[in-house]
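Here chain A shows up in two complexes: once beside chain B, once beside chain C.
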Partner chain A sequence: MNTPLNRHGNILDFAISSLLRRRSKNFSLLVVYTLIVFVIASLIFFVQAMKREAGLLLKEAPDLVVQRMIAGRHDLIPDRYKEQIGAIRGVTAVTPRLWGYYYDQVFGANYTLLVPEQKLVEPGSILIGPGVARNQRIQVSDMLTLKTSSNAPLLLTVQGIYPSSSELISSDLIVLSAEDFQAMFNLPAGYATDLAVTVANPQEQTTIAAKIAEQFPDTRPILKSEILRTYDALFEWRGGMMVVILFVAVLSFIIFAWDKATGLSAEERKEIGILKSIGWETSDVLLLKFWEGIVISLTAFLVGVVLAYGHVFLFSATLFEPALKGWSVMYPHFKLTPVIDVYQLTILFALTVLPYTAASIIPAWLAATVPPDAAMRS
Partner chain B sequence: MIELSSVTKTFNSGKHNQFTAVDGVNLTIRPGQLTILKGPSGSGKTTLMALIGCMSRPSSGRICLHGIRTSFFTETDREAALDITSLPERFLTEIRRSTFGFIFQQFNLMKGITALENIMLPAYPTGESQAVFRRRALELMELFAVARHSSSPVDWLSGGEQQRVAIARALINNPAIIIADEPTAHLDSKLSREFMEMVGTLKAQGKTILIASHDPLVFDSELADCVVGMRDGRITDIAGSP
Partner chain C sequence: MKRLRRLIPAVFFCLSLSLSTAFAAPVPVPSPSAKDKCPVCGMFVAKYPDWTTTMTFKDGSTLFFDGVKDFFTFFHNMNKYAPGRNQTSVASATLKDYYSLKHIDARKALFVLGSNVYGPMGKELVPFEKASDARAFLRDHRGKKVLRFEEITPALLKSLE
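The block that comes next holds the complex of A and B.
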């Protein structure tokens, strides 16, 4: 029985057979195409996973952070601000925080020093991130010597090392007691790095931030939503370095598709003429070219996406490492949690499979409109 | 039956290089007969066959086909005449696919694919099950003694074998009419005789055959029912039944 399904099946069969005739040409085409999809899909996966990590991190962030500013620079904030801010209606809690950075001249690495809200370590003990342990080649119970701002050595015992699963955020971290932190930086008593403010009603955060800014003109309140926005801008695929890579990838795809679109060889034209002369309609020829385009582009899309998934989630985006590492000495050894954004993959599908298929069909359509008797005269 | 009345085909009409390839041809081709168009190069044989085979439309005149079967031509109309002169391209393609089988001078086989796939080519877009027309193609390969080459790329075959593949391809959709344009032009005498034997077999099966040739082996053949002489786009003489 003659059915449209048979027609599609038969023409698809012939399309595959036709592609296999020009093995090396089509294989190289497939490789280039797969590579482009791989780069773009890797970026999408990577950015999505990073956004997720950042989102999880910020979930625990305070609703509002208040910093003191002097001459436009971040300065220590006196503890007395805590009571005054805590008195503002709607504020549930105000917690002074102590944190800072330490540059280790010997190992050429920057560490993040943090005093936890709840006491986790006694003076003289520290918890360290896996990056610090690797960098210093130390283990639990080993001693770490830091230089205080008055150039005196501060001896600290490693009480624990954070697990590697948290490496993305804890790699360069040193958790220490408030006493050690103050000794480290010669910090005056009654001062904090900033204040973490908890607000009961999320709707009131902006109002409270405005009140703080009004009552304490020397402070800068930072909303959690503003931090989220900054992260979004950083990881959004329309921003930053990602857009440059994406632009290059899309541009190379356009050049590639254009080359394909204008590259119908004399032999291919002759073959279209033969097909028309033996009873193929123009629509049959277009269907053949459509299936040829789909076979190449869909294969490239699927293989590229699967490879990108492996690259980002199994091999921690190894190929991006040189670009992302930058000056970082303690580049974290991370494993990202797989996140797949169907919407972005659909866009990628639409940006790669559809234009390529169209690029295959259009020149064939031009060739297929030749009268079928042309083959008789060739 | 195919009826041509005052058929003219002019190329580049209205331009300085206007050229009339077929000029006022009246001809009747009877079913089940072997008709041969004879004449020198440029006499209009190929153009006339392209017009009959629904590959192009005449500039003027009418071509009517009798007793053909298509999806748009209903059961009761079967014996009626179908004027193909003004049919849209889609209908012409369907007639071409279901009614005519073409054998070209250069064979026009698709390089790089197997002989079997070449034979099956006209059947792919019909929507018929591949298993069914594959079986038919293999039977045709048996008939024309090229079955052992079924999985060989067609460009590996000799000229004679390629011609047989081209004939098998022309027959895959079981057409009522076979059109062959200078089929022996690239064959030696032995292969040309073999070709005419195959034509005899097809004729015996009841096919209507139309051959354009200026090879005496073809137009002097005993198989020919009608030999139409052509020159400068016009019929000069008709020998035989019409």
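The block that comes next holds the complex of A and C.
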């Protein structure tokens, strides 16, 4: 049977056996190729997953946060601002929030202290994140001692530990009651860390922010969209830093691949000559080279992408850790939720598979147009 | 004459009362599915929840619009968009108050014309439940006029295109 499909099958068969004949050359090419795809795809997966994580985190964030500023620094905001901001048209609710950071000198770690909007714990009890539990080696119903700002010890009983699935958010978290928070930092009554403002209509947010800034010149309203933009920029920058390093790697790969794919050896030229003399047409030779290119680049692409997926989502991007670890001592052990951006993968495909395939066809086409006897003799 | 003038608001009040009884109170307001399109512009309504406007007919069916402008365009030209229906077959109509985003009765709403707030279809009549809100919005967003339901005419809609 000589169907078109059969013809492709036979040529593919021939292409694979001809690739296997030059095993070491093609294998090293495949390894380098796969590595490049792996690193780029890892980066794509990682940045996408982090963006998604941040997006989810910020979904719960208030539409608008109002901070009080004194001499350009964040200061406590008086509760009476709440009524006046609540009276602005379009504001649904204003909630004072209490939160802050605490540095534990003994364990050398920073904790985030947070008073929940709804009362979750009684005074004297706390809920802690898994990072805190690991760091302090404490369990449920154990006691945790924090030092207040007046240097007195504050004893708190652990009522619960957050599950490790929420580690990215809750790792260094200590949830406590408003009374304990006030005792902890010697906070004057009637003050909050900041105000969370809920706005029903997103279109009205900027107007409300402008009104707050005008009515209270000592405050700084922060829009959720601004926070989102900052996060985006941060990830773009982190990603950008990696891209610079990658750029050098990709460039060296391009030179390498170009050299391998374009420079036909005398042996390959001769081979094309023989194929033509035994009755292969130019189109068949091109098809052969096309399949050779596809086999190498598609294998590298698929293997690289699969490895990158495993690296990022199963091993939490272990290789990127040095570049991403921040100031926090308690770096959370977290697992990223798989996100695949088809658009970016398509671009990666177009940038790796297509040029390589093209680069392997063009020189073959030039060789195949030469008369077979001339090709064999050269 | 003076007494007559004093009577004008009262007359208006009675008029608006009688008109509002034409549209029964809208409870509960249906929400658009992902497939519902605006009968005027053909855009999917569910994408713009802040601008959703509804019109429920006496036979129980409901149409959704992606803005007040399209709602009025439809209302004033039902022959074109929904042959066989007319203004008397409308049981209730709702739109969303700009500040609270709650459904309000279209008949009782106030509309601000010429503001710098745009809807999915460009220039819009921005709806409010309270007159004080409408006036404040007019100030904040450089609106031109506060209008009532009856004051919105096809000629005025033409100017919004």
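Assume the second predicted complex is superposed on the first by the 350 of 378 C-alpha atoms of A that agree within 3 Å, B and C clash if a C-alpha of one lies under 4 Å from a C-alpha of the other, contacts with A are read in each partner's own complex, and residues count from 1 in each chain.
To be clear about the criterion, contacts are C-beta pairs under 8 Å (C-beta built on N, C-alpha and C of every residue); 3 or more make two chains touch, one makes a residue touch a chain.
Bear in mind that the values here come from a model prediction, so they are computed numbers and not experimental data.
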Please determine, from the superposition on chain A, whether chain B and chain C clash or fit. fit
Pick one for A:R7: touches chain B only (first), chain C only (second), both, or neither. first
Vertex chain A, Cα centroids of chain B and chain C as endpoints: angle rounded to a multiple of 10 degrees is 110
Looking at the overlay, does A:T92 come into contact with chain B only (first), chain C only (second), both, or neither? second
As a test of reading the superposition: which chain, chain B or chain C, is in touch with more residues of chain A? B
Once the structures are superposed on A, label A:P202 by its partner contacts, choosing first (chain B), second (chain C), both or neither. second
After the superposition, what is the least C-alpha distance between chain B and chain C in whole angstrom? 49
What does chain C use to touch chain A in their complex? 50, 98-101, 117, 133, 136-137, 140-141
In the complex, the residues of chain B that touch chain A are 46-47, 49-50, 55-56, 89-90, 93, 96-98, 100, 102, 104-106, 108-113, 117, 121-130, 169, 173, 181
Can you list the chain A residues touching chain B in their complex? 1-7, 9-11, 13-14, 17-18, 21-22, 267, 271, 274-275, 277-282, 284, 287, 371-373, 375-378
Contact set on chain A toward chain C in their complex: 89-90, 92, 200-204, 207, 211
